[in-house]
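Per-chain residue numbering starts at 1, and chain names A, B and C are given in the order in which the chains are listed.
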Amino acid sequence: MQDFAESFSLAFGLVLAADADLLEIIGLSLRVSLSAVLISCALGLPLGAAVAMGHFPGRHALIVLLNALMGLPPVVVGLLVYLMLSNAGPFGWLQLLYTPTAMIIAQSILITPIVAALSREVLEQLHDEYDEQFRSLCLPPHIAVAALLWDARYSLLTVALAGFGRAIAEVGAVIIVGGNIAHLTRVMTTAIALETSKGDLALALALGIVLITMALSVNAAVMGLRASAARQAYA
Amino acid sequence: MSANLAETMPRLLPLAVEGLGYEVRGARLIDAIDLRLEDPGVTVVMGPNGAGAGRLRWNGAVVDQAVRSRQALVFQRPVLLRRSVRANVEFVLRLRPGERHQTAMHWLEHVGLADVAERPARRLSGGEQQRLAMARSLALEPEVLLMDEPTASLDPASVATIESLVDEARQLGTKVVFVTHDIGQARRLADDVVFLHRGRLMEHTAAATFFNEPASSAARDYLAGRLVL
Amino acid sequence: MNCRRWLIPILALLVTSATALAVEKSIILQSTTSTANSGLYDHLLPIFTEKSGITVHVVAVGTGQAIKNAQNGDGDVLLVHARSAEEAFVAEGYGVERFDVMYNDFIVVGPPTDPAKVNGMKDTAAALRMIADAGVPFASRGDNSGTHKKEVALWQRAGVDVASASGSWYRETGSGMGATLNVAVGMGAYALTDRGTWISFKNKGDYVIAVEGSDDLFNQYGVILVDPDRHPRVKAVEGQAFIDWILGAEGQAAIATYTLGGQQLFFPNAK
């Protein structure tokens, strides 16, 4: 397999040359996936907190559902979002199909359950610890939730990271709703799929190496942040 | 400032305590003891059962809403937020109107933690953590301070600090309910004693009376250091 | 604190991404992987955009999916290669009119060892029968694409029932042309592909063209404007401008001048 050696030198070459197309694709990948993480956190964290702290009928079933939805197949999400956003679908008038926004929507749907389910676990643990203290203070629920979210912020960062990892790596959803249109909706994973289908396996693998490096950098940055927090006993 | 408060606020005593429960590893040994605490000062709640193993729970203990909003609890193991020392005090001050930063620093000075105000709370020693818990409770300027074996796992120096803080709180007019299994501590702190045994209220008398002439045989045995079965 | 500093630029990005499409004149072209992967559009579209100011966004999928997407109104122009499906698309009222654009041809590729002994044959039906009789693996798109439809028709003409052989020597990948070629090369199977994809395909290994040049391997591409009466949001003016251009002298010449490795990939034949 001479492809491996070739891929590594290609990947280096692409990055060193700061290839404009590559930078555009990387930029869009980060933009789409980070936006999706942001939206998922806005939706998933309060949901996770509500399930972690709440007592309501069906809570257990909801936890099972959230955990199951963590494994949502991206291609199914892509298909559902396509059917919604298609001009023949109910939200066609929004004219969002084949835009980065459609990709953000699909990835948000994909990772909100991940953020909700994982944050539920993190927050439930912290809630168990803080509950007695909070009840003794007669804290209003919104302050209690805010305090839990804030105090769990470094653990929740890891949760967000899990969502980001899923989003940046998936291809099934974005290729359907984004269409892999050059200079518009082409991201790292769809570019890799395209190069693979062109039989340019070395270039595909080189892009894969760049993608993995990107994911590694983001992870390392967040973990570094967390480690310094742990030293401060804030984590 | 808490002296002012004690003078101007309407007195909440007598304090009705209902449904005082006692749990050991989740099993309820005492379901509901109702108490009326008539006098200010320090009421020590003590008893031989499950020392160190169980703990008292104030499950909805104080029913009166007016009292609820002016109570504060200190637990055996302080639950501190993952924030700085000062932020821990400021957090509870958000429940009250008024300035937070100065007030927090005032109470940290009161418990001798002002110089570590910016350090992470969970980096403090056990004794410092409990002093922070005290500062946090005192910052609420509670009418009633409920303390559940607050010194059970502390070194003697820290115990002395906590006890002097309790004494100061009493002098400022705060009603203190102090749960302990340490007879010496009870002697040092108590104005009156509530003695519990086998899930029942055995005695509730002035401290001098309890320690000099305990009415029940269980209390006599307990004070004499004999096993109470 | 930190979060808020990040929030605003990210939200701003979200908003701008939603409006990015509105500021430029653009159309969506639903087309096939075979044309897109060959690099043809990278050659054609900049010429058109420079002349017209209209950006063409290509969604490259199988012909079946491209037609389905266009039926849903998710595209302005359709450029595919499955004549009967295209004519049905127009007949059912989804498209305005179908025009021939260009052609190339299909080829059968296979391993150099040629286990079915079909190399150099000019009779496609006979060659396919020999592959079937020998039981040598054949990788099919199996995705209802233009190439797949062509292949199914060729098997019918050869009188081979591939459905009963599916899973044994007849292997349906359910994937695009490139992915199917990757599979074929990987498992030593024969495969039907359009010549454009084959020439631009980079993972050929030692594969060779086994069968080519017969009349029934003709591969015609057609272009259709999605009917704005059916889907009011279709950008009919811009879409028609693209069709007029590609069918006109300039577009046809541009198709003819696209070469890869010295070979012409597509042959314009608009009337």
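What we mean here is this: contacts are C-beta pairs under 8 Å (C-beta built on N, C-alpha and C of every residue); 3 or more make two chains touch, one makes a residue touch a chain.
Because the structure is a prediction, the values reported are computed rather than measured.
Between chain B and chain C, the least number of touch steps comes to 2.
More C-beta pairs touch across the A-C interface than across any other pair of chains. Comparing chain C-alpha centroids with the centroid of the full set of protein C-alpha atoms picks out A as the closest. Rounded to whole angstrom, the centroid-to-centroid distance between chain B and chain C, based on C-alpha atoms, equals 78 Å.
One finds 32 Å separating the Cα centroids of chain A and chain C. Measuring from the averaged C-alpha position of chain A to that of chain B gives a distance of 47 Å. Annotation for chain C: no residues touch two or more other chains. Those residues of chain A that touch chain C in the complex are listed here as 31, 34-35, 38, 86-89, 92-93, 95-101, 104, 179-182, 184, 194, 196-202. Within the complex formed with chain A, the residues of chain B that make contact are 58, 68-69, 71-73, 75, 79, 81-83, 91-92, 94-95, 120-123, 140, 146.
The part of chain C that touches chain A in the complex is made up of residues 7, 10-11, 13-14, 17-18, 20-21, 28, 33, 37, 42, 57-61, 69, 71-74, 175-179, 181-182, 200-204, 231, 233.
Chain contact summary for the complex, chain A toward chain B: residues 129-130, 132-133, 136-139, 143, 147, 150-152, 232-235.
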